[in-house]
Amino acid sequence: MTIALALEQLLNGIQLGVMLFLMAAGLTLIFGVMGLINLAHGSLYMVGAFACAAVAAWTGSFWIGLVASLVAAAAAGAIVELAVIRRLYDRDHLDQVLATFALILMFSEGTRWLFGSFPLYLDIPPLLQGAVALPGGTEYPVYRLAIIAAGALVAFGLYMLISRTRLGMRIRAGESDREMIGALGVDIRTLYTVVFALGAALAGFAGAMVGAIQSVQVGMGEPVLILAFVVIVIGGIGSIKGALLGALLVGVTDTMGRFLLPKLMVLFVPPAQAGAIGGAVASMLIYIVMAIILAVKPRGLFPPAHA
Amino acid sequence: MILTRENLINLILAVALLAIPLIANAAGQPFYITLATRVAILALAATGLNLALGVGGLVSFGHAAFFGIGGYVAGILASHSFSGEPVLFGLSGTNQMWIIWLVAMALAGFVGLAIGAISLRTSGVYFIMITLAFAQMVYYFAVSWPAYGGEDGLSILVRNQFPGVMTMVPMNFFLICYVILLVGIALFAVIRASRFGAALQAARQNEVRVATVGIQPYRIRLTGFVLSAMITGLAGALFADLNRFVSPSMLSWHMSGELIVLIILGGTGRLFGPLAGAALYVAFEYALGGITERWQFFLGLILLLVVLFARGGLVGLLAGKAKHG
Amino acid sequence: DPVKIGMITTLSGGGAGLGIDTRDGFMLAIKNAGNKDITVVTEDDAQKPELAVQIADKMIQSDKVDILTGIVWSNLLMAVAPSAVAQGKFYVSTNAAPAQLAGANCHKLYFNAAYQNDNLHEAMGEYANKGFKKMFILAPNYPAGKDSLTGFKRYYKGELAAEVYTQVGQTDYAAEIAQMRASGADGIFVFLPGGMGIAFMKQFAQSGVKIPVMGPGFSFSQDVLPAIGDAALGAKASGQWAPDFDNEASKKFLADFQKEYNRLPSIYAVQAYDAAQLILAAASKASVSDADAFAAELKKAEIQSPRGNFKFNTNQHPIQDIYLTEVIKKDGVLTNKTVEKIFTDHGDAYAKDCKL
Amino acid sequence: MVEPILQISNLVKNFGALRATDGVTLDLRPGEIHALIGPNGAGKSTLIHQICGTLRQDSGSIRFAGQDVGGLSVAERARLGLGRTFQVSSIAPEFSALRNVMLAAQAKEGSSFRFFNPVMRDQGLIDKAMAMLERVGLTERARIPAAELSHGERRQLEIAMALALRSKAFLLDEPMAGMGPEGSKALTRFLDTLRQEAPILLVEHDMDAVFALADRISVLVYGRVIATGTVDEIRRDPTVRSAYLGDHD
Amino acid sequence: MLLQVENIATFYGSSQALFGVDFAMQEGEAVALMGRNGMGKSTTIKSICNLMPPHSGRIVFGGKPTDRQPPHKVARLGIGLVPEGRRCFPNLTVHENLVAAARPGQWTLERVNDLFPRLKERHAQMARSLSGGEQQMLAIGRALMTNPRLLILDEATEGLAPVIRQDIWSAIRRLKDEGLSILVVDKTLSELLPVADRCVILENGKSAWSGKPADLTTELQDRYLGV
């Protein structure tokens, strides 16, 4: 094992972290700020990926597809909010869990209805194809660098939105007392529709960006959903900064675990089993890390000052 | 017992669950016995969760861990009994259901104690997620641990035995499950009405208040969580025997989610909510699955309509708001 | 005599593509035969073992089926098949083929019309012996994944650069690809079915790593190729069938399938097609109510398989030829081209443990 | 001199840069009502929180009933006999008023790990709770869910709960808040009798009540006790007048 | 007429809380809403703001009926609410609480800070950790920042120290002098009555008496308020 490889893996971990953040960003917004448990977040992610793939196939342009993913996911989000979510704000979390669970079923099957059962093709745009040379002699895919950039941009934008704008204050106020903010003359209903649509658009954006290097298929949103929850819970719910740092922590831990644990296991068991055992521990690793973090800091690493 | 509307509905549910297999048996449609058994077992599992979730407000997204542990206890003990190899430290396997049940409850309770002790330090959404995390650990462990089949699961070649009963006869096995379900529900009712139940409910409503009257909410909750895990673990052992098979999918987060769905569907915290929910869910799944390939879409739609328009779940819809005395 | 077949397969969720091909291939053969005595009931297992068990119970108890078939996944098969055959029902597998059921736990009523799980991996191990000195091998960390690498190593004689197990359902492979680059391997064998394979191939193509990739047929089967896109071009795989097979049965199957469903079939469709053909052949000779006779007829049934030579081994798993294929683009469509034969009349390693 | 039941010495609590209690020393003697007054934000509630354990002090000691309780949990202190009410009513909203009080009564018996006997058939417990509700005048509202009680009624309910604990000392954080004139008067009369049962540390902004009830008054300003004395002493104290009382008389 | 409350009846679920509340307010008037605990003062206020829409009867504000309007529209007609229990947004800072729902007008951050210097000192602190009195000031400041025509204070001085209470009353008096209409609930009659132009007394969810503070005899006080 060389230093260069270790560094590359570190970069991979950071990259995976940013990717996770991108997937979690919309969820943080909806979940952290509106206090709504949205299990259907993964479905909106899927909607974005499918919209991008379908439109890109039709027009031949990834970029048009990317725009379509934003529009489709935002529209889906707005419809869902108006038809369903809106009725659930003053219910407890459990009703939200059931309703959004039901939405997952409908979205998955609906998508299959529209697009068939086979994975769709979605490739990255020519502009971002290929790899660049890194110092140390390895190459790194341009597209992954683009994902890092997109994640950073989203993080910054969200942070500004939530903590620095009046819109953000109103959303947070609504989270703690919807009735009161309404009684002060703020149209919180419409505001929440907008926020939900925004969160959905972010999910769709992530679906399109990440879908280009993964498989665009029905059910692609579910593993993402769990990971995204893990990320924001580790980071501390409602904190954009926490989500970003949580995502990086998960990304690096997971990558390094996958990379190093099998090597570590070789010291204890025969090589043939080392891979399997190491792999098994690696797949549990982020959950172990999460449990330890929550056991020590029950409100995540960076509980937002205002939650 | 006073015959309130809710009690009447509960009675109807209990009788119906017994009547359906009897009728099906008479009509030579044994499959409905299997279906009813499935309902009974899922209802038992959800009753366990209902204790933590409905009474104690502990939204555990990891109860599949206990369900699966119960299942694996049944599977592993049975397979060792079959092969004759000892399980651990010279202890042999068994195919006696009641031993399996005890072991399943003990192990689920023990794991529940460990998970609960850590998880209960957190609350709210963090609690939901940390319980999920623990269940995922167990899940991935089971998937990649080769000894008992890993992802492929483990078959129980012959259903385990119960003294004096031919368990392979579907009706007999149903009756076993039915009786256990009723005992489970009764236990739930008794616990909920007890002093402990009062403290557990109060801890859900106002933790600080409970502490300031001198009750440690943590201990109350932990006890509730462990009891809940034990009931769900028992259901898992029965489930393995029903399917004669256990696999990591019993441990998956889908399973945890499904248990929660059953409870909400039936009516959170309601005595017969889990049974109503399980019956409704299995009936939908079965009926829709036979009609259309798109059944999951319609299942989703129905669930959605239930949340939106039947507040308090099925029992809530039929019996009105819960009374807390 | 009437024969009732229960097909349990995955028609919803992420794995639905495989189930749909299975069903369509199976029904194609049934339709072509035009046998009024055969009825098929189909239900969706949603890729959940518990649901599969429930459906199997229903089909056996209510629908009174004689034969079950259609399950795609090993874990679902393990949930259903052992108990079905214990109740005296036939199970004819169209895909899943765990080692347990090929060896000591083989059963008179259990047939596999597809392959044994290890076969295609063994073939790649054999192929890798020619020209690859140091292989990097990778599979998900679950039984089928471990069987896969075991199968590969059974035949591969060269050096292993690394043997890596990834998480089931993993979607990002940057860390593994970096290890590949650094490992000094001259070939890579991956077994990553479904979405995992799609993600891996796309990311691998991006990475700039230029080591040849190979895998078992389903990694580059028709259900995933369009989604991988050009990134799959040139990948070598092993398979019992490819759309360019030059025999009458294959050509007819291909034409019929495309006419009926307007798409290219995958290997799952072929396997199911053959399973149906086998059942039809046995049903024409014996009554399914006489289990021994029917089993005997199934075992020696002769069919026109698109795969060419096909017969059952002692453990009722196939003996067949296995080929090397390569992903090419033909008329703008990605497909597999046959390159050479790797194994002739290949059985499996577990048959010797089967006491049938 | 009688041994104080509650003795606080040099209690300090910081919130970041803010020192909310700044070396408070205070005691509560048997049979007395000791009123704690002071401007808003002076640290009165923070002090109550520290005494009952919902906040942990940074330094200083709290002795209660002859024992150092500074390290005990909220529940342990409550069981030693520290009964309290909250500035913002804290009740179990789904439970009826009666069940809220029964919870306190069962806690007093230390019997929350009984799994079998139904509480609602436990006549002993019900009677105890009803007696407390009667004392605060909520008998008629006993079966109403606490969430549906009006503001004032909830305050009465909280007091009933503290009573059911048979506390050795009461910590009451603004019990009069939200009570109408009639309610305040009734509560004043009630607290006057309550002091026989156990001493009261009373935080209150209702000066009529404080002056009518208090044996001693301590004035807290910016986390420090600036004066302690009898009603008359405090009323006359010019610093107290300017810091707190204004032209109230 | 600025506000007309015409014979409203309001329900919490199936239990009725108001049985016919009826009164009106002129622009610039200060009205004290009085009654014992649980008589329906807060419910009346919630009905005016349409937080608990009345089941029957009618409410007209500034000439516009408020029925079927969502609460935020009613608020924008010019009603500023200081609710019972304060209900500051605990997860926002003092500053954010003030500006989140602000609408332009003569009341600005500076003026509110002048009125309550204490809030200025605490401007970056989370509202959840404010003392009770600070929260009350914040709730009033927050309502003022929406620049209402009618300020409604439910339990205006609950939990405030006497000095601060005097500040609040003088602030209310000042607001009134500037022409702001005020509907106020408070239990300290001695402080409330001097500010009020008129009193409305509720009993068991009904309007029971209304008139000038001077006409509120001790006998009436005893009967309706238990003083």
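Think of it as A, B, C, D and E in the order they're written, each chain with its own count starting at 1.
One rule holds in what follows: a contact is a pair of C-beta atoms (placed from the backbone, for glycine too) under 8 Å apart; a residue touches a chain by one contact, two chains touch by 3 or more.
As the structure is a computational prediction, the values presented were derived from the model and not from experiment.
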item	value
Any chain that touches chain D and chain A	B, E
Comparison of B-C and A-C by number of C-beta pairs in contact, larger one	A-C
Distance between the centres, which are taken as Cα means, of chain C and chain B, whole angstrom	36
Centre-to-centre distance between chain C and chain A (centres being mean Cα positions), rounded to whole Å	34
Distance between the centres, which are taken as Cα means, of chain E and chain D, whole angstrom	29
Whole-Å separation of chain centres (CA-atom averages), chain A against chain E	44
In chain E, residues with contacts to at least two other chains	none
Interface hub residues of chain A, defined as touching at least two other chains	108-109, 276, 279-280, 283
Chain B, residues touching no fewer than two other chains	140, 143-144, 146, 294, 296
Interchain contacts (touch definition) - all pairs	A-B, A-C, A-E, B-C, B-D, D-E
Residues of chain C touching chain B in the complex	11-13, 43-44, 46, 48-51, 53-55, 57-58, 61-62, 74-75, 78-79, 82-83, 86, 98, 100, 141-144, 146, 165, 167-168
In the complex, chain A residues that touch chain E	166, 169-170, 172-173, 175-177, 179-189, 305-307
Chain B to chain D touching residues, read off their complex	190-191, 193-199, 201-202, 205-206, 208-217, 220, 223, 324-325
Contact set on chain C toward chain A in their complex	11-17, 19-20, 141, 146, 162-169, 171-172, 174-176, 178-179, 181-182, 194-196, 198-199, 202-203, 206-208, 223-224, 226-231
Contact footprint of chain B on chain D as seen in their complex	52-54, 73-76, 78-79, 84, 86, 90-96, 98-99, 102-104, 106-108, 110-120, 122, 143, 145, 161, 165
